[in-house]
Amino acid sequence: MKSKIKRSMLSKILPGLVSLEKRGLAGWLIIFGAILVGIIVAMNLISPWIAPYNPSAINVGQPLLPPNSQFRFGTNDLGQDVLSRVLSGGGIMLQVSILSVIVCLVVGVPLGLSSSYAGGVIDRVFCLIMDSIYAFPGLVLAIAIAAMLGRGVTNMALSIAVVYIPSYFRVIRSQVLSIKEMPYVEAANAAGSRSRTVLLRYILPNVVPSIVIVATVNFADAILTAAGLTFIGLGVSVDIPDWGWDLTNGQRLLPSGAWWVIAYPGLMIILLALGFTLIGEGLSELLNPRLEQ
Amino acid sequence: MLPIQRREKTVSQNDILKVEDLKKYFPVEKSFLEKMLTRSRSYVKAVDNVSFSVRKGEVFTLAGESGCGKTTTGRLIVRLIPPTSGKIFFENVEITALKGEALRVLKRRIQIIFQDPYASLNPRMKIGDAVGHPLEIHGLARNEEKRKRVLQILEHVGLTPSEKFVDLYPHQLSGGQRQRAAMARSLVLQPEFIVADEPVSMIDVSLRTAIIDLMLNLRKEFGLTYLFITHDLAIAKYISDRIAIMYLGKIVELGDKQTIFSNPMHPYTQALLSAIPVPNPERKRKTAELIGDVPSAINIPPGCRFRTRCEYAEEACKEKEPELIPVSPDHYVACDLAEK
Amino acid sequence: MDPMAQSLITVDALSVEYWTRKGKIRAVEDVSFALEKAETLGVVGESGSGKSTLGLSLIGLGPFPGRIVKGKITLKGKEILKLRKEDMRNLRGKEICYVFQDPMTSLNPVKKIGPHFVELIRTHDPKVTEEEALKRAKKLLKDVGIQPERINDYPHQLSGGMRQRVMIALAITLNPSIVVADEPTTALDVIVQAKILDLLNVLRDAYGMALILITHDLSIVLERSDEILVMYAGHVVEHSSSKDIYSNPQHPYTKGLLKSIPNIELAEQKLEAIAGSPPDLLNLPRGCRFWPRCYYVMERCRQEAPPLMNTGAEHFTRCFLYKEGKKL
Amino acid sequence: MILILLTMVFVVVRVLPGDPVLLHFEKRADPATIEAMRQRLGLDKPLLNQFFDYFIGLFRGDLGKSMWDYSSVSQQIFSAFPATLELAISSMIIAVLLGIFLGVEASKSYNKPQDHVIRVFGIVTYAIPVFFLGMILQIIFGVGLHLLPVGGRIYPTMEPLGLNIGNFHFSTGLYTVDSLLEGSIYKFVESLRYLLLPSLTLGLVLSGVFIRLTRSNMFETLRLDFVTAARARGLKESTVTYGYALRNAFLPVLTMMGLQFAALLGGAVLTETTFSWPGLGRYIVDRINFRDYTAIQGAVVVFGIFVSIVSLAVDLLYAYLDPRIRL
């Protein structure tokens, strides 16, 4: 069963990508977003080779130097080169977001599918739990969890995941409820197929598009939340270069007008989050036929 | 030809399907306050005590306006939804409470075709897989054998060349072609009984007849029996052997096609027939005067449920709910004043 | 339709095109007709024939991406396509009105029935006070057979049939000269449908307005209209009085349609379908648009598109089987 | 639903691995002080009793003692809450007004440049981290142009006192409202100046969601029959767009307001830290540095209750506005 689903999904996504550009604005949104994300991820992977200085080495230059020929992005208060920190600072963010998306997919999707398909008491119980988490200020809950679990990438990812699973649950549930009523699902039931098959071959393939959309938005949110958590002191330990930490550290330097310490890392966070949001926006327009005229 | 053993097609008089006092009540969704304040539960009486039987090889039509319970009856028979009460017999075996394996076997012999060609096929599945999937479910055929059977059945429903259609997705087919694919899917298990829920109402007029003729040919070829559900009496006249007119969850008149159209007894049937547009400019005719609108199925008027709209309504109609009584052989009417 | 008398509305070689990502669609092409007072024109055609596009273009609301590319529409002597947006807007609702197909979605769900009328009346004539408008609305509701107290109901509290009556009441509020009804009864049951169509006829005679009835159901059109326009893939393929269309159908498509409609009056009837599948508007065949499904197709049909020819006695057909003036 | 919320908070703080007290002292204190601390906070009792104390406390409005200074948590929260409320309301107003206005403008001009610009703006604002935007605005307006105060809620001596008639004293804690009650325009303007930057930051970030939602809803509603029917009746374009389309498209936006309120509070925590705005958000952040878990638990609870109340209010408003829903 596993291989069949993978094959059917792959066979759909590959041709989809190829036919993107003639899909007008939506296609461009996706392509532009994907390029943005691609560049940043690639930059991060090869950063050890291209970064002019060792990102965590301190006093490589005079502290708080404005951008100049030697340090194109200037230096921060510890004399670290901002450019190399920017090049390699995305690692934490990406790890956290990827991990949290995976946790959400592994937990949220099967839960959403089975609970909404089964219906009855189980569904109502899960709904109640999910709605109460969903109604909760995401960041605040993440803070509470992160504060309890302590620092570290996995903890951050977990706290973001817990906050984000309800949105998967809600999206999947609304999709499943509408698809469950469709005649082709009823026809499958009428033909006597077991509910497991109906769920995996009839309902899941039609829900996948919206899961992908939620995943991209989840990516963007995870990045922003991770930055937020770091900003309020729940981030990762100091020695690993991280945009979130640069921003937090930079805030103290604001009165002195050292804008470059926070500008560049902040910009990178925006670009990364923007990339994912663009993909999400493009996909939702593509898959929402009503908007296509 | 299909290598299945040819079922000798005898138009035996024994009934393939029998329905006794079938009822299906849907609880009305109560608003927040109502849930708190009132204890009473009101119901939509979609199907209210319906009984009829279908003879083997026949096209039995359930006709009526929207909301009269015809579609719900169809879904009850195919066991998509459980009945509130009443019994259903298939080849004299009660299937109302059938469970597990026995139910799955039954599902091989009763199939359903839906109204909306655009939604009755899984958009993410090739036509070949969709039509072949029932075979997989019942483990009747695997890969090569399955593909052969699928190609054959596609030819039967007129989707030729079937090699081309097998690998297409639903959105690459027209409405008529999709309905044919849905029929192929219901036929691949060689069922004996098909519930066709408004199969042609969403298809262009010019193509409608092709689908109807296809259904009639398949009936001859595979000895099928149809329960045909429609709101369009003109099509009903063309395709059916016997017709049951339904109103607000009950059968008000039942008989073979000729008698229903030549000598309609129930005032509602008369009104229905007079309202059907006839493609002939010369013929100016009077439409029966019906008062008001169909009452809601939640609070059905006591006694005869049609009396609020019936010209001939009398005091007597208020007390007793008229039974479906035979007026002549094979012609039943649910109206005490029918003889007048 | 003698050309001398000033017809109420004349449409001359109207063409509407759509621009979609996949290419240009010629939804309506070279449609002409004229309509007199208190006359009903039936426009019949299957899905994709352009009948609704034609209807909407008459009130200058050509569907969103569509644009009127060619043609002239004169209403009471005035060229309405040339009018400024503002003037055209004034015409809508006053001179020419529209009734839509699905009563469930054609009234504003969050607004009571009354305000719909008040808003309409006061937009066109701000001097009218609100009570006056409500009084007129009550009278109109009675005219269309709805109890006047219903004026304070919300649309979802009315049945489909009643809502369509409200739509008709809204259409005749400022007694327009033309009402275009686009599939007014398709979403309704057969008994309610008959009553609504009767109502339209009664109002047509009472208010002396012209009625354009757009539907896919040939039997409704044959029974209810004086003149018929048969459309296929954007073209008018046949145009004549309903009697002529019934007794002497000329275009193969019209003949095919007549043979595929069940008629409950005839005892035994053999229905025949039209071969092939509906036209793909994106890549229409060269020559006559119906030739892929036509029983009488000739070589010429594949090359050349036949013009709409006057084959005598107000009968127009777009087919090479016929010659200008008489049958081949 | 609120009950579930509160139980979960309890579970998160008390039950999850990692004993709050140990974490508090970061293993620097000797066992005796730890034990003493447990006694004071009642953490040594079996879990179930703690749970009951926690709930009973909730009803009496007592959220336990702070680990840091043993003062009553509810008191601290009560004093910090109005600041967050004021920030939340003002930024929500900005987000909604901006979102609806731009959303409607974008839907009117489908696929024209104006539509694309607004959409990109909506996407970009969504992607900007709140505190980063805050810092940028601080640099430009505060440090750079010296136009607006960079942080804090008002000049220390200027706290508006609210309504003072005789000995009757009524103040809402919302400076803008209190200053009006007090009748001093100067204080009102002053509190607005302080409020502007933080609420603009939070409002902008949230407006993205509303822009996209309003745009797609408006676009959908403008396609529906009753809008075309209204145009066919010759109604003015403005009546059609606002009276008909927006009135229906607004309902889903209203629901989104309820949902986004939670995200807004999340954002408030960050904004308050950036602008050193003395609200509940900053209270939590400070308490995190002090490892004061009872305070964090209390604050999170208050946030939860606040959000639930708001979403209940939104649901009631929705039922009122949409005649199809029978209460």
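As written, the chain order gives the labels A, B, C and D, with residue 1 at the start of each chain.
Keep this in mind: contacts are C-beta pairs under 8 Å (C-beta built on N, C-alpha and C of every residue); 3 or more make two chains touch, one makes a residue touch a chain.
Just so it is clear, the model here is predicted, and its values are computed rather than measured.
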Item to complete: State which chains count as neighbours of chain B and simultaneously of chain D.
Response: A, C
Worksheet item: Which chains, taken as a pair, are joined by the highest number of C-beta contacts?
Response: A-D
Discussion item. Please tell me the distance, in whole Å, between the geometric centres of chain A and chain C computed from their C-alpha atoms.
Written reply: 52
Discussion item. With centres defined as the mean C-alpha position, give me the chain A-chain D separation in Å.
Written reply: 23
Worksheet entry | Intercentroid distance (Cα basis), chain C paired with chain B, Å | 33
Discussion item. On a C-alpha centroid basis, what's the spacing between chain A and chain B, in Å?
Written reply: 49
Item to complete: Check each residue of chain A and list the ones that touch at least two other chains.
Response: 24, 293
Worksheet entry | Shared-contact residues (touching 2 or more other chains) in chain D | 223
Response to the item:
Residue numbers in chain B touching two or more further chains are none
Practice prompt. Within their complex, state which residues of chain B touch chain C.
Written response: 65-66, 174, 176-177, 204-210, 212-213, 231-235, 237-238, 261, 271-283, 287, 290, 293-294
Worksheet item: Of all residues in chain C, which touch chain B in the complex?
Response: 46-47, 159, 161-162, 189-195, 197-198, 216-220, 222-224, 242-243, 246, 256-258, 260-265, 269, 271-274, 277-278
Worksheet item: Where on chain C is chain D touching in the complex?
Response: 56, 59, 61, 64, 89-94, 97-98, 100-102, 105-111, 119-120, 123-124, 154, 156, 167, 170
Worksheet item: Which residues of chain D touch chain A in their complex?
Response: 1-2, 4-5, 8-9, 12-13, 16-18, 20, 23, 110-111, 116, 119, 123-124, 126-132, 135-136, 138-139, 143, 150, 212, 216, 219-220, 223, 259, 262-267, 269-270, 273-274, 284-285, 288-289, 293, 296-297, 299-300, 303-304, 307-308, 311
Item to complete: Give every residue of chain A touching chain B within the complex, in rising order.
Response: 8, 12, 182-184, 186-194, 197, 201-202, 205-206
